[in-house]
């Protein structure tokens, strides 16, 4: 059992619902197989029409009529969305489009006003985050949540599911959990080696660089043998050298048969790895289709691609938000401008 | 209006002289001026571990510590045969006595220290109730004879049946709520602008009240002037807080939890420093202790209380206007709303926070004086108010200035009105219970909003 | 010189006496809650009060055996932890802080109130409930014993012996728990709750378990204190004691098994030494009585603790033995 580091090995737990799909990885060796990618999902999705809410041949996640409002602002309003099993689905859109909120809703971190959504046919509504995670849907966060004062290895071990030693009373009897802990440690070390973090296993996670934290967070998520991995901006703040490595890991997840949903702003990355792209703007899904379809989609171009193409959108968006806030404050201040930063004023007209 | 009567000193009562000025002969002038400063410095020096041992032989012995008091109300007159028990700080009983025909009692003490005086409520005649708790903890200095006051009410306030009593309590509650609001606005704004849950905010209230007491009673200055000066002191203490402690800590990147514990340390330090300097007694301001209640038909109110309400309303309206209209007020709200955005918009965040601290300090000081007017000045009055301030601020939504106002009013009214159904001495418990209920139902407060994750 | 030695001996005794045990147990509980799980329980003294009064009321008022009283006290602490945790553990950390400090103050006011007098004896409190326990001592409790220049009564020794046994057992329990996967989850919650949730752990249950466990330690501390003093008076359970326990914990080092124990001993030693020393200086006339009277000395300990807490958190948040590197990783 310890020899099998794959997420769908014999140790996989809570995975009983997955057996039927057929998008499983070959076997344990599949971890390093990069040269013969199985793009089954891409094949399956090839002939679908490029329209919002289109039904997928084998959906893992289905979202229906989910809305979430903050005060008067509608953050998310999704009529219908299906996510193909075993594929990489990219979720893009300008900041404030509701991507992270949708992630939060799907993983139980936030409760919607209306709507239902399910995983493998099982409704996830009203479930708390840990219940969703136990079903095999794990997520990472936009701002990495490495557990700073735990070592890298402890971070990894936390990801393992169904640990006997995590129950209060059994924790007091090491005999009940030692063997399992040993197996988990081996599994964690395999993953760490794969993510090139094994040399850092005894370092505090807080001492890692931003990119290494992203890697650690992803590796930690994999410890739980997930079926769906949701990555919130996995490349943000990662230096270019690590980006390629991270991309490789994401692709590998697909080879492992996992369903990947990720939020990303870099269109090159999205084009490179996605099988399917979903575009959100102002809380709604405005387009979906294969990556190559997106740049041709008029709604997307109108929404935001037209003006800025490949530019990193975050900066622009922040500038816009700032400029908007400045205008608001300026209105309140009347003509008085000395409280305001003046250097940003001209910039917004330039663009 | 009724209030407890007390007696002190070895020479009997000297009518006309306010009692806080009475000190046993030979004790010199009241603690003020240099002596206070020197005591403060000494305590600090010791606290910092600078004191050194040096041998010596002399051993001064002064005997005759004593506690005394009088149990009476204006309607009932002196009350006889009320059992008074005096116990040491560790709980051991010193002596139990009964009041004589003049309502007086005296207990000789074994030595200086902290003592708890307990009045047996069962011995009180019908119609006379405790206005607060039936105990008082006092610190007796060596050779001191100290007076003890235990507040009594003879029902002249609450007379007239349930409905009228409810109106009376409502009015009291509004007065109390306004007072909490004034102290809590600063607490809420500090939380909003810096994220700090300031557990030392209660001490700003106490400092204000005690500063006004020293200026008013020891310095013989008119209370209105003393209040203004106390507000200046409060603002200065607030500024000192920010400049000497919190700003450097923010610069060091101290975490919010660590900062919270630091504020608790500061609270302990200040609170007990005040007790060393000011003492364990409770004393009123000069010239306002005997305010008579004026009948307004369905409720009565002393002039002092009426002034307190008017001042609170005026000040709170001014604060609201300032937040709404002035440049600095808008900047405060902007920093409260989104500190980074405000900073990147060119607002000098540190300056805004400094002003918030000064304003918070001044308002807390004013609140302290008003609280001292109604409940007398005590070393831990601010800490007791702090919990109600937290209740108000949480109820309104942490970090929002108007929320603090609304929440505090509700807490004040609730605490007073709750005495309709629960005994007077556990009314604060009701307020604290309300706090917990709020946390269950609406943790973000009335005016707050839920935060986003991730 | 003799005075100095005497002061040291008195301080040493208090570092080993039941008060040190009281603070050690309180701090062990806070260590589980704050040190490992990141929960801000500022009302630990309320758990101690329930422990102490659990025994006192059971024995003095209900006339049930001492050991049943111990169970009553523990049960009360568990119930209080559940009641407090239920509404607040889903919320931000400072809400628990506010709720616990309010509860501690509220419970004390309630216990000393006139309405509670039939049960708690109000401000006078209860006494005479520890006879059964003292009678179990294997030595003569009425005799005095001299150990290293300090004098102990047999009863004091017996309470201290059982108290330290409790401290050792408690530390062992914490040690076992914190090296287990359970402890790992707890420490992770301290670092980032949401990350732990996203990995399939029911954070709420872990926090509740930590709150209850810490509360039980608090109750045990309160029992040692009540049995040690032989009385249970509401005003003994001032909330400043909670912060003394925090000071002990941070002094010894949070999130270390022996941190709270060593911290409590050092704290009591310093406080007692300061107390004795200051009184000595005053009675010797080194400090003029006009400046600082011996009654003020009792307040000095809280001032010391306040200053100490601030200085520690600002300059040595890791405690006097801790590793600064680890603490500086704290991003919050």
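Lettered A, B and C in written order, each chain numbered from 1.
The rule we apply is simple: a contact is a pair of C-beta atoms (placed from the backbone, for glycine too) under 8 Å apart; a residue touches a chain by one contact, two chains touch by 3 or more.
Quick caveat: nothing in here was measured; it's all calculated off a predicted structure.
Novice: If you average all the Cα positions, which chain's own average lands nearest?
Specialist: Measuring from the global C-alpha mean, the nearest chain centre belongs to C.
Novice: Is the C-beta contact count larger for B-C or for A-C?
Specialist: B-C
Novice: Could you tell me the distance, in whole angstrom, between the mean C-alpha positions of chain A and chain B?
Specialist: Distance between chain centres, rounded to whole Å: 52 Å.
Novice: Using Cα averages as centroids, what's the distance between chain B and chain C in whole Å?
Specialist: Centres of chain B and chain C (C-alpha means) sit 27 Å apart.
Novice: Give, as an integer number of Å, the spacing between the C-alpha centres of chain C and chain A.
Specialist: Taking the mean C-alpha position of each chain, the two centres sit 45 Å apart.
Novice: Going by the touch rule set out above, which residues of chain B reach two or more other chains?
Specialist: 453-454
Novice: Specify, in ascending order, the residues of chain A that touch 2 or more different other chains.
Specialist: 109, 141
Novice: So which stretches of chain C touch two or more other chains?
Specialist: 194, 330-331
Novice: Could you please specify the touching residues of chain B with respect to chain C in the complex?
Specialist: Contacts found on chain B: 28, 35, 38-39, 42-43, 46-48, 51, 53-60, 85, 87, 89-91, 93, 112-114, 116, 118, 121, 130, 133-135, 137, 139-142, 197, 199, 249, 252, 254-258, 260-262, 264-273, 275-276, 384, 387, 390-391, 394, 398, 422-423, 425-426, 428-429, 432-433, 435-436, 439-440, 443, 453-454.
Novice: Name, in rising order, each residue of chain C that touches chain B in their complex.
Specialist: 1, 3-4, 38, 40, 42, 84, 86-88, 90-91, 93-95, 97-99, 101-103, 105-107, 109-110, 112-115, 122-125, 127, 194, 229, 231, 233, 235-236, 240, 243, 246-247, 250, 274, 277-278, 280-281, 283-287, 289-296, 298-300, 302-310, 313-314, 317, 330-332
Novice: Could you please specify the touching residues of chain A with respect to chain C in the complex?
Specialist: 107, 109, 128-131, 133-134, 138-141, 145-150, 154-155, 157-159, 161, 163-168, 171-172, 174, 177, 181, 204, 206-207, 217, 220-221, 223-224
Novice: Quick check on the complex: what are the chain C residues that touch chain A?
Specialist: So the residues of chain C in touch with chain A come to 173, 176-177, 180-185, 187-188, 190-192, 194-203, 209, 325-326, 329-331.
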